[in-house]
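Chain nomenclature is as follows: A, B, C and D, assigned in order of appearance, with residue numbering initiated at 1 for each chain independently.
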Amino acid sequence: MSYNTFGRLFRFTTWGESHGPALGATVDGVPPLLEITEEEIQVFLDKRKPGQSKYTTQRREPDAVKILSGVFEGKTTGTPVQLMIENTDQRSKDYGDIAERYRPGHADFTYMEKYGIRDYRGGGRSSARETAARVAAGAIARKVLGDGITIRASMVQMGAHKIDRSRFDWAEVDNNPFFCADAQTAEEWATELDAIRKSGSSIGAVIEVVAEGVPAGWGAPVYGKLDADLATALMSINAAKGVEIGAGMEAARLTGEENADEMVPGANGGPQFMSNNAGGILGGISTGQPIVARFAVKPTSSILTPRKSVNTRGEAVDVVTKGRHDPCVGIRAVPIAEAMMAVVLADHMMLHRAQCG
Amino acid sequence: MSYNTFGRLFRFTTWGESHGPALGATVDGVPPLLEITEEEIQVFLDKRKPGQSKYTTQRREPDAVKILSGVFEGKTTGTPVQLMIENTDQRSKDYGDIAERYRPGHADFTYMEKYGIRDYRGGGRSSARETAARVAAGAIARKVLGDGITIRASMVQMGAHKIDRSRFDWAEVDNNPFFCADAQTAEEWATELDAIRKSGSSIGAVIEVVAEGVPAGWGAPVYGKLDADLATALMSINAAKGVEIGAGMEAARLTGEENADEMVPGANGGPQFMSNNAGGILGGISTGQPIVARFAVKPTSSILTPRKSVNTRGEAVDVVTKGRHDPCVGIRAVPIAEAMMAVVLADHMMLHRAQCG
Amino acid sequence: MSYNTFGRLFRFTTWGESHGPALGATVDGVPPLLEITEEEIQVFLDKRKPGQSKYTTQRREPDAVKILSGVFEGKTTGTPVQLMIENTDQRSKDYGDIAERYRPGHADFTYMEKYGIRDYRGGGRSSARETAARVAAGAIARKVLGDGITIRASMVQMGAHKIDRSRFDWAEVDNNPFFCADAQTAEEWATELDAIRKSGSSIGAVIEVVAEGVPAGWGAPVYGKLDADLATALMSINAAKGVEIGAGMEAARLTGEENADEMVPGANGGPQFMSNNAGGILGGISTGQPIVARFAVKPTSSILTPRKSVNTRGEAVDVVTKGRHDPCVGIRAVPIAEAMMAVVLADHMMLHRAQCG
Amino acid sequence: MSYNTFGRLFRFTTWGESHGPALGATVDGVPPLLEITEEEIQVFLDKRKPGQSKYTTQRREPDAVKILSGVFEGKTTGTPVQLMIENTDQRSKDYGDIAERYRPGHADFTYMEKYGIRDYRGGGRSSARETAARVAAGAIARKVLGDGITIRASMVQMGAHKIDRSRFDWAEVDNNPFFCADAQTAEEWATELDAIRKSGSSIGAVIEVVAEGVPAGWGAPVYGKLDADLATALMSINAAKGVEIGAGMEAARLTGEENADEMVPGANGGPQFMSNNAGGILGGISTGQPIVARFAVKPTSSILTPRKSVNTRGEAVDVVTKGRHDPCVGIRAVPIAEAMMAVVLADHMMLHRAQCG
């Protein structure tokens, strides 16, 4: 795991900048004989695609994926799968005025400090466009996992407004532009985000991703823990500032009695858990319960309100970001979260098989 | 980064079980010519050592570290440094009754599911004793970083009780058994934890770790992000359930205006940041501000109140954990957090030097 | 280093099959601010390109490289460089008759055994076309190394016929189709290879690759040895069966007196070596002398003489390979060897800088 | 694979210097439930142990291995296995006079150039004592592979004197101090090496290592090739200068007709190979035939004849090495070769299982 590569055995390297000719993922370690088509991958890319509603950036990208290698007559061959997405709607001129200005909250300054050069067009490599490549890789990871494992994510909080858990219904997620599992909250969010969007502001969010059907025993001590891998996976998503497993930060408030998930004899001879504060992971290894992770994303830093900053010469400037942006980047983070859960699990499925047969 | 190894260039592998003859860390990639002694490493181990106060486990371990390789005439040679700590106070009989019972909240069940075997004595490899090896490795990481970088951690929340930030004073941290930077809160925690300890219960906590003096430019996109590496580092600590960078989970509540850390021209020609919601990291790369991370640990699952569980034959049992345990594992997580911050930074210092000279 | 990825810090992953739409290399870890153009990379690809003379396969591929990412305004940005080469002259029909036959000496049988599927067109992933991606990555590695290091390879043996070392002249290498540093031997090889080519046969070869200007101190014990890394780099080239460093297999015949490279005081205060049996590497670390490696490639297994084999149903068949092939694959291995030397050295330059400043 | 770590999934890190308190191997990724004892590991260490005959160094080391972790009640638990060997017979005074002299052919100069410091006692980390840790790790790798795979090595050439292949008999290997499979040659070598030893000189050798019972399908393209992994494994052994697979360097002399291993229908429905020039590997993947590798080791550079060198101040000196050394290091390289073959195969067994189920 390093730099632009994620995973150990199911392992992909993403490449490409926001306004370059293309971006993609080189996926290595894929098991052979999996049936996969560009159309199947496209389904997931379409969920993440910009311009789906007025709540996401109006950049128009078809995000059409091409499989350039590793698939023969519709099946994976075990060799690297190259997934390429060409960029088509790069309005680089939108970014000309920020070539010399460091946008607050963006990676402009830090990239320049690190590399002494930056592709300022649309944030270059630091753009969330990179996540298209993850989503494509995630589609292959789902194939590795098979139909027995269900991975779903939804937005559970926008600003201070959380969903009502009593109304949680996965079936609602695709009925609103927020991937919200609570129809009533979705309507309220629509009103709230309309106001934020029109004012040129933005807002943060929390996304929850759940994997069901994962057998007990995946993961590993001590630095290959399933939860530690999910933490790095989710924290690597643009704008992420916090990651939680199960009870998450709230675990701090619990007593040992409250926190410990009790067990009773289950149907299949093993234990049945009576709660899931653990989020499906104990000692870094899956318990067989649903794996539950959440992460918070900050509001996009691209807003119309002028913010104080400096330019590349160290002079004070005001920055207003006029490009096409998401008022709540949390929305488009939902399919990305699913992809990252999928790749972590695919990797651990293979690791477990390698060591424990 | 895999299994029991952490890091890319500054890289250590920990080994050893709670009740085996010894545990340790094999630290590879250490730069040569660093002056290091067992005594200097011992200082950090002593902070983590059990039995320091009535609030931590009464197991008596000297945790005396031996350097077995990689140091010659007081200086590192560039070859692997083996740090070994012998176990001396293993009361394995304490654990005999849990050989066949799965303790709720512990890794007993999951290790058994994964491996088909477990060293049940004191939790074996899943015991927090493993963290002694991390702390030893962290002492070497500090040497790599040099005196210009200060890494300090403190406990900032116990149960629902947070410190008062207006009274935050690093100088207080070593004046109380909680590594608490707020003297008044420390006194209140003492009363609260006394009650919890006497009742045989336990409580969660939040630890904050801060690195000052880190230059701008360390870290890397996209899967080598400094924050993503910190996330996996901290989530790998026993009992951790949530990790935050800067504003953390609260970032979800902020608007773009509130969140964006504005910049003004600074003294040295670069920008000076006016706030630090970013926690010192933008786009996965350090900004030059303090790096601020927090993580929540759950209450220890070893409590005197009986909890429902099953045994290895799938039968219902009650579990009461009578061993010597910490009523608040967050306390001893403080020096571990410092160690993990140190190893992540040492790794990124070397990565940055490798790529960007 | 794993599967389709080579290197630790200067690290590339190749992808693509012989008869797929494209192939390429995803190069990660590239230092920023290196000036690089497609034209500069093309120079090296043109050396490896098929159809250059009657002694190499008549497949006509322009092997035109495109830089899809990681370069901005002519300079590397520190982010992954994607190098893509489109395939244009895939006469897949040539291979139809081997879809069900295992060609002796080829990877047909083993790929099928491993994966249960194979892209039989032109050998798929096992084709030497993959090496075009290496050569492209090698061009970037040379940029990392800078002008102070010279990497050159030549063919030093064809069949049993070795060059005459007394006539060795690097200037001759580009004057003949064999990359032979001895003009007279090149003429003799021409006659010999004509006969072999016309008979539909093939012949093996030995290639020598030399790096000059490498400073003392690159490399590392014990499993990051410079010679061990060169060994895996060269052995990974298609058809390679043996690798030698310095005296190589002949070292077995030497006495301690003959083998030890004596030193005398040198011009710059350090030692000057009086011989180079070590091939420029002692204890896995460069001595400052030229680094000298050789490897043997077997004759291509694609020949016109019928060979006994079996088909995918286990039945006896005769195999005659009529495709366009190289009578001596050693010729085109020369630029590949240079590329592999370059990538190993670039990786070790960065490793050394990381650890030893 | 990096620095002091070998392997991907079956992965070990060796540590320790020749004259430090101990050395060892941290073995990670070991499958659980393998029965293993210190005694079983000791068998292999005893083969490599110094002082076994007059032909190996007279240093007296029991090389007694201790298992410090990862084994519980006689079985592996899936957690890291720490194997420690304490040094007992370090006559460091023997090395005092070389503290400031660079021994020709040794790593003294290069370590100093790389690190600016070296543990000169017995060569420190560059000493062949490190290989004791490999042999211990190899014993565990054999357990992973199981009884169906037989790994044996023998010395097949000493100086210019090769064994007679027509007399090759594995049963002879343990009947002479050379691990020679040809009894008559062993006697002749005894005479020859006596003379070399008495003259204070040394001689090189070639070792062959063969694995039988490896199924077809292990290995991987393109940088995880089984032969490329063996190349780095064997070249990492002290004094190795050349590595061959199957026909090896001689492959250069062959025609396509001679080289291609023909196949006929075999007993189990698959092909039966009629020769093994490939050394059991095609396209980096095992064919099911015996895997055959060879490597040449140079003569030890520690000889009684004075050699010209320089000291750490750059002044001309003569070096005579009076310590206890092996006149033919090839002898003790035999069990090391077996260990390296075992660890490469164990790693690939696990890799294959991970990807291809």
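Convention: a residue touches a chain if its C-beta (ideal position, glycine included) is under 8 Å from a C-beta of that chain, and two chains touch if they have at least 3 such contacts.
A quick note: this is a predicted structure, and the numbers were derived from the prediction, not measured.
Asks: For the interfaces B-C and A-B, which has the higher count of C-beta pairs in contact?
Replies: Result of the comparison of B-C and A-B: A-B.
Asks: Considering only mean CA positions as chain centres, point out the chain farthest from chain A.
Replies: D
Asks: Could you give the separation in Å between the centres of chain A and chain C, each centre being the mean of its C-alpha atoms?
Replies: Chain centres of chain A and chain C, defined by C-alpha means, are spaced 39 Å apart.
Asks: Chain A to chain B: how many Å between their CA centres?
Replies: 26
Asks: Between chain B and chain C, what is the gap in Å from one C-alpha centre to the other?
Replies: 46
Asks: Send over the residues of chain B in touch with two or more other chains.
Replies: Counting only residues that touch two or more other chains, chain B contributes 2-5, 14, 29, 32, 78-79, 114-116, 125, 221, 356.
Asks: Flag every residue of chain B that touches chain C in the complex, lowest number first.
Replies: So the residues of chain B in touch with chain C come to 9, 29-32, 78-79, 221, 350-351, 353-357.
Asks: Applying the document's contact rule, which stretches of chain C touch chain D when the two form their complex?
Replies: 1-6, 8, 14, 102, 104-107, 109-111, 113-116, 125-126, 130, 157-160, 196, 201-206, 216-225, 227-236, 240-266, 269-271, 274, 277-279, 281-288, 296-303, 305, 307-310, 314-316, 330, 352, 356
Asks: So in the complex, the part of chain C that touches chain A is made up of which residues?
Replies: 2-5, 11, 13-17, 20-24, 26, 28-29, 32-33, 66, 68-70, 72, 75-82, 114-119, 124-125
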